[in-house]
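Both complexes below contain chain A, partnered by chain B and then by chain C.
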Partner chain A sequence: MMKQSISAELLKLRHSRIGLVLVVLPSISLMIGCANFYLNQGVLENGWYSLWTQVCIFYGEFFLPILIAICCSYVCRLEHLNRNWNMILTSPVSVASVFFAKLLVVSILILFTQAFFLGLYWLAGTLFSLPGHFPVETIGWSVRGWYATLSISALQLAISLRIRSFATPIGICLCAVFIGLGMYTANLGIFFPFSLLTIGMSALNQDQLTNIQNILFWVANLFFIIIFASISIRRLKKKDILSS
Partner chain B sequence: MNTSAIVQTQNLTKKHGSINSVNKVDLYVQEGEIYGFLGPNGAGKTTTLKMLLGLIKPSEGTINIFGESLNKRRSTILQRTGSLIESPSYYGHLTGLENMRVMQRLRNVPDKNIHEVLRIVRLENQKDKKAEQYSLGMKQRLGIAMALLAFPKLLILDEPTNGLDPAGIGEIRELIKSLPARYGITVLLSSHMLSEIDQIATSVGIISDGNLLFQGSMESLRKKGRSAIRLKTGDNTKAEELLLTQGYSLTKGGSRLEFDNLADREVAEINRLLVEHYIPVTRIEEQKKSLEDIFLELTGKERSL
Partner chain C sequence: MIKTLGLEYYKIRRKKIWLMITLFLGVEMLWAFMSITRSIAKNPDHAVWESIVFNISSMNGLFMPIISAIVVSRICDMEHKGATWKLLVATNVRRGNLYAAKYICANSLLLFGILTQAVMMIVFGLMKGFPGTPPIEILLQFIVVNLLTTLAVTALQQWISLAIKNQTFALCLGMLGGFVGMTAGLFPGEARHIFIWSYYLDLSPVTFHYTGSTSLYITQPVGAGIVLFALAMTVLFYIAGSIHVSRQEI
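What follows is the complex of A and B.
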């Protein structure tokens, strides 16, 4: 059943322009980060790692969350239009599989973006002829960051399923980004999905996580995913499908 | 419970605030029927159909489809049910064929079904065009094709001829009529147009303000439209007296004498009696109640259909 939903969901991405957004936003954030790095080369003496901090501040803190919100709004908008909920929810697939198919599709898109961003980072570092090798840790950070995006995706999907507008959930996401920064600096990052992304990507702090922190990070994300998924699925099951 | 009941609801009610938009409806659709669900706009047709599909949750009552409870066996029931509710659903950025493929993946049906249903609704030549560029009629055909894709046991169509031109309406009508015999599909369709139901349906349910006012075969509805014979004579009072003594029961006296359910033989007999008693017969008319009259009588309003 899950397989049916996922393959249907992937098919809906054909001819869509979401791919363009997935390429443009990381590129812009990388360029801003690189410009910052270039202008402040005097203070930034840590080579590859300094470049990571610069590009990641823009990408991990702002552009990536917004990108997630756009993807979530997009996959929900597909169903909000033309009363497509009627079609999806009268199909012989479970409501849960509909939700998880959407979550999975968004996560695949974001995984692609992470890989693309990492490639851009490598390219930029090489062009700057930074000393030393490409830091392999960044691959781990990107994967860990991707894991953290899952809880943001689950939250944004929950919002976009509820709000038919495309832009409003993205606006909410933007507010959440700032709350996330606040929570992170207050050392409460573990309790908020958007701060978890900062921790996961090692965007602001490249120190290794302690074992406890690591476990908390994985558990907290899993917790958020389960919570937001069950809220959405429950809602889809219980609420009447509005048509307008 | 009757085994041939494809759809059976009991006491089905949907409350919107204090208003019951669907009120204690007991729907009964038998296998192989084309059941026409008729009612003015806003009577509760779409709400009822959406409840049958689980899109809207009933406030009260039970729904059984294929003899199984919708609450418990939603997935199995939907597997064997095709539907088109309100306006057709489609992904505008995908072509007609790709839209069918989305449905195919959700329902796990073979490729040949796609080609067959596209042929049936005559969209084969437009299948590579984006759905957003389709005309309203083509979107409607696409919606019907998607509903038919799995050749379901039960097909629920909400106003299926909406947006079609007259030729298209005729074509879809013939298609729907052929479904029970050709594919063993039971059809439940709604319409606000009496003439349409009259031409397609074998059974009919009439709903108004959320209440099911009539349910039964199309035949039994037509029987309600029995004809009346009206007489005008030179002396109605005398004629009335005479006919009463002869055991005829009038439904209406006065300037026109009216009789219900008269056989031709009886009409001739009445005429002979009157003439023999030197009462001049000036008019013998047959007054037939149209389905429209019956419908208006049932719903109690002179509302546009």
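What follows is the complex of A and C.
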């Protein structure tokens, strides 16, 4: 049942050209980060790690969360159109599998974006002829960042399933990015999915997380995923769907 | 034309777009006020009206393109969603008038947002006890230049939102615009004048100057050339969008 839901979701993305957005946005954020790094090389002396701070601050803080919001809005947009909710909810698949298929598809898209971004980072570092080897930690940070995006995806999916507008959830995401930044600076990052992404990607601070912080990070994300997923599934089961 | 415009407002009467704009700008203002409060705590010389105008102008570079994209997308997407564009063009109204009505409707909502910002800035300044009375001239200039830049941004957004059904691209453009607006200060002057989104900062009536170890906010005159360039971009985007959308097969 789950497999069928996933293949249906993938089928819906076939001619969407969403891949273009997934490629263009990280490329531009990386280019601006690189330009900033190039212009300030006198101050940024930590090679690969300095380049990571410059490219990641734009990508991890602003681009990635909004990209997630766009993907989530898109996978829900098709259901909001042409009374498709009626078809989905009367089909012989569970509501949970519909939600998790959407979450999985968004997570695959974001995983691709993360891998693409990492590849671009490696390319930029090589072109700048930065001293030393490619820092292997960045792969870990990207994976950790991807894990943090799962809780944001679950939250954005919950919002996009609730709000029929395509654009409003993206605006909400923009506001949440700033709230997340505020919570991160107030050392309350662990309590908000958007701040967890900052922690996961090591966008503002490259210090290694302690064991406790690491465990808290993984547990908090899992907690948010479960909470947002159960709220959405429960709502889809209990509430009437508005379709037009 | 007035009737067409009235119908645009009628269609969005339950969408609460004005409330959405207020909430989004509220978050922006809250962030800016927190940042100014911290800056004043570090340097009491920053407790001036100019600081608030500069901070909001620079944050508008990020927020306004995205909010404009959202507002325009919501106004245009309802025609795509309901497949009502066909109905509209079948009525005895020119397509150009429909396009203009949507443009005026979107910009009037965004003007409401800019005016709300100005009021919030005055309230914050009075609460913080900034010296002197609110600088009406600077605030008026802030409103005019923000509206001018927004007019060009919405012209571009409306073109994309109506021409391409998939709103992902319109929102993506808004996001890129926000990103360019946010990082505008990093580009050299000649390069950033190409991008309309950087005009939120370029046309700001106040700028920030570092002089050795000190920093200060100073008022700057708005260049006529750059204003004309912004106006030219508005006209260009609007006419190109209107012609393209009017001739497009539905």
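The rule is simple: the second predicted complex is superposed on the first by the 244 of 244 C-alpha atoms of A that agree within 3 Å, B and C clash if a C-alpha of one lies under 4 Å from a C-alpha of the other, contacts with A are read in each partner's own complex, and residues count from 1 in each chain.
Rule of thumb we're sticking to: a contact is a pair of C-beta atoms (placed from the backbone, for glycine too) under 8 Å apart; a residue touches a chain by one contact, two chains touch by 3 or more.
In this text, all values refer to a predicted model and were calculated from it rather than measured experimentally.
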Partner chain(s) touched by A:11 [first = chain B, second = chain C, both, neither]: first
Touching partner for A:81 - first (chain B), second (chain C), both, neither: both
Which superposed partner A:90 touches (first chain B, second chain C, both, neither): first
Partner chain(s) touched by A:241 [first = chain B, second = chain C, both, neither]: first
Chain B versus chain C as contact partner of A:183, first or second or both or neither: neither
Partner chain(s) touched by A:150 [first = chain B, second = chain C, both, neither]: neither
First, second, both or neither for A:130, with chain B first and chain C second: neither
Touched partner set for A:196, first chain B, second chain C, both or neither: neither
Residues on chain A lying within both footprints (that of chain B and that of chain C): 16, 81
Chain C residues touching chain A - in the complex, by the definition given at the top: 15, 20, 23-24, 27-28, 31, 34, 62-63, 66-67, 69-71, 73-74, 77, 81-82, 166-169, 171-172, 175-176, 178-179, 182-183, 186
Chain A residues within the chain C interface of the complex: 16-18, 21, 24-25, 28-29, 32, 35-36, 39, 58, 62-63, 66, 70, 73-74, 77, 80-81, 165-168, 170-171, 174-175, 178-179, 182, 244
Chain A residues within the chain B interface of the complex: 4-5, 7-8, 11-12, 14-16, 78, 81-94, 238-241, 243
Footprint of chain A on chain B - complex, ascending: 50, 53-57, 75-76, 78-79, 81, 83, 85-94, 98, 101-103, 105-108, 130, 146
